[in-house]
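The first chain written gets the first letter, and so on, giving A, B and C; residue counts start at 1 in each chain.
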Amino acid sequence: MNGAADRKWVWIGAVALAAALLVLPFLVKNYRVFQFNLVLVYAVAILGLNILTGFNGQFSLGHGAFYAFGAYAAAILMSLYGVPYWLTLPGAFAFCFVFGFLVGFPALRLAGHFLALATFALAMAVPQLLKYKRLEGLTGGVQGIVLNKPEPPFEFALFGQPLSSDRWLYFFTLFVTALMFLLAWNLLRGRVGRALIAIRDHPIAATAMGINLPMFKSLTFGVSAGFTGLAGALGAIVVAFVSPDSFTFSLSIFLLVGVVVGGLASIPGAIFGALFIQFVPNLADEISKAAPSAIYGAMLILLMYLLPNGVMGGLRGLWARLRPKTAD
Amino acid sequence: MEGFLLQVFAGLANGIIYGSVALALVMIFQATHHINFAQGEMATFSTFVAWWLMQQGWPYWGAFFFTVAVSFAGGLLVQRIILRPIEKAPVLTNVLVFIGLLLIFNALSGWLFDFTVKAFDSPFAKDSFLETKYFSAHQVGSAGVLVVMLLLLFAFFRFTPIGLAMRAAAQNPDSARLVGIRVSWMLGLGWGLAAAIGAVAGMMVAPVVFLDPNMMGGILLYGFAAALLGGVDNPVGAVIGGFIVGVLENLLGAYVIGTELKLTVALVLIVATLTLKPAGLFGKKVVVRV
Amino acid sequence: MPKLLEVSGLCASYGATQVLHGLDFALETGHITAILGANGAGKTTTLRALCQVVKTSGSIVLDGTQVVGKSTESVVRMGVAQVPDGRGTFTGLTVEENLRLGGYTRANKAEAAADMARMFARFPILKERRHQQAGTLSGGEQQMLAISRALMLRPRLLLLDEPSFGVAPLVVAEIFRILRSINQEDRVSMLLVEQNASLALDLADHAYLLETGRVALSGPSEAIKNDESVRRAYLGY
């Protein structure tokens, strides 16, 4: 195995990929760029859910709620208190982290389906809460809150395409996404990651080894909520609009779909998951105007047959079969 | 006081519906240890089939039993054909397939029978002997149907060898094979029974809320909550859970918080109950020696 | 006398890892046979292969019928009952329900009920706990339950995977005594996998020694017990 040569190719590939990503927004129309922004946002949200469900085995059907809270936190900070958009992100993360940590405590007593119901209740509750008349002053009620898309701080053009709001946001979102992925990777690769997986697979043994289960599990809930909440805030900035109907329980389902399609307990899988939930519904719509959701459902089922462990699971299997077997 | 009683009774009437759906969910759970998220849509589709048969001139009870039989076969086929390839796959993979089925059945209902709201007859006529002061004939009749289903299921699981084999296959498929149980077929049977129960639930619901492809959406959630509240391995508990959820929802809506937030508050209360009694109110706590 | 079980060229793998590399052995009707060996030698895998729980190739012939390729349920219905490692009891069901499940495939339900009574007579502690959840029983009691459940099938061949594991020594002695009487009274052939070699050799008529998925040694258990060099080299005592 030629380690040095392999590493050289990985570096070249990485640089090429980075260059492509940086040039991409100027090669496509504004609307496509907007869609890519959403993909990045969803990737962070899915990553958050994956930390909880994939790595730690705690089932959540309610992450749409954290996404919504992050989005509204950002929207309220920007519209009512004039906070600059980039400053709302850490605020959303912190707010959702605390909230997720608190949710994590009762979640300790529940497992499997019970936790699924509890988190689903959360997902159902949020749109109703957001529409509640007594909170209208803060949330804007049924109409929601309209925001201004941030203007790019300088003029720029490439390949004849100007640096629009969407394109500027693309770079902003790309930067934040890369940061969050790095953060997750750093967090999960060491003892923390192994502890999470130990708790997921062998909780009794993990406790016997001295891992403080309740603390760990609640913290994981918090971090997971923080990630998804930050994604929500990012989403609010990118879409420039929040309303209760943007955050129905379908969002929670879509995030879960993204996690499973990408691959449980996988960081890069989140990108594939995000691509799936952003583009496949449009694809289904194009295939059949009469029953697009049926097509979407069929594609979900087919994908699970072909890749029961998600895209990353499939890629790992392929890699294992292709690489030369080491001698026994 | 009269108003309060009315609310309670209305809640109990709703509870019949939630209990029926909960029963179907418990059925599948007992057989497969999975929660079937597509249960509501399958029930709606069955109800449409019954409606269509009656449009063709079939008498009510003929359509009813035929639909139940067809639903049983349909549920069995869904398990044998669509779910068997992923029997050994992780739980969440199965969940996604259920979601896929949910979408497909919902779209099928809309595509085959269109989205206009339809009326669905009740077999329990308004002026029949079943009519009482607080409950309509249909509500009494539905409650009766539910009780009959419940008794049949209870007897099935408790006293028949196949019922025991199904429970064993769900709990420990490897050991079940070692005593000669054909585990795969047990799963199919469970799905068939659940589909049949769902069809009955749908046909009891439709006269009240009218038939359209999205009929079961909110009801499924309440059924799910009821099943968990009652203890997801306990059919009787599921039905009692249904009544509790129905009454709770109604009382909350009328006296505490208004219709806007009653869903939220109901669910919060249920979750709070579950944190205090994680196996549900009537669930059996399975003790495992480490 | 025709052999009850003839195994030749048996290979088994878990995914990409091959564990058995061409096993050959045979069981006589009415005998107790032991499979011994160190950890990882492939003993449990052999039993799993016999029940087709794991992917196998080669030949397993039970009383003239080829077993390889059949489903586990079919092999069980042919008369092979296994007491798996870890006991495999249905922990969420009662003791009595566990036993009833053992009799699930029996055509004659009256005979099955009579057998259950015999199990209770043989293991009185099970009768005492008949309505208790199986998961609350101690290791020894679960072992008795698992054996009884397997016997409810009226099997021709009883497979036992590490029956002494996790069971108190006094209870183990009792269980092995009962196994001997079951073999003699009911003529049930047995195949026993055990790490505790001396216990196994005391019970068994014949023994096979496995080493990394192959048969290293075989012979009557008396001969192996009395051969010091074999005992020291392979069995550690």
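As a convention for this text, a contact is a pair of C-beta atoms (placed from the backbone, for glycine too) under 8 Å apart; a residue touches a chain by one contact, two chains touch by 3 or more.
Since we're looking at a predicted model, the values are computed, not measured.
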Practice task
Specify the chain with the shortest distance from its C-alpha centroid to the centroid of every protein C-alpha atom present.
Solution key: B
Problem - Longest centre-to-centre distance from chain A, chain (CA-based) - result: C
Problem - Chain pair with the greatest number of C-beta contact pairs - result: A-B
Handout entry: Centre-of-Cα separation between chain B and chain A, whole angstrom
Key = 33
Handout entry: Cα-centroid distance, chain A relative to chain C, in whole angstrom
Key = 50
Practice task
Measure off the straight-line distance from the CA centroid of chain B to the CA centroid of chain C, and report it in whole Å.
Solution key: 43
Fill in the blank from the handout: Listed in rising order, chain A residues that touch 2 or more other chains are none
Problem - Residues of chain A touching chain B in the complex - result: 53, 106, 109-111, 113-114, 116-118, 120-121, 124-125, 128-129, 131-133, 204, 253, 256-257, 259-261, 264, 290-294, 296-301, 303-305, 308-309
Fill in the blank from the handout: Per the touch rule above, chain C residues touching chain B in the complex are 51, 53, 71-73, 76-77, 81-82, 84, 88-93, 97, 100-102, 104-105, 133, 135-138, 149-150, 153
Fill in the blank from the handout: The chain B residues in contact with chain C across the complex are 161, 164-165, 167-168, 171-172, 174-183, 233, 284, 286-289
Handout entry: List of chain B residues in touch with chain A within their complex
Key = 29, 35, 82, 85-86, 89-90, 92-93, 95-97, 99-104, 106-108, 110-111, 221, 224-225, 228, 232, 260-261, 263-264, 267-268, 270-272, 274-275, 278, 290
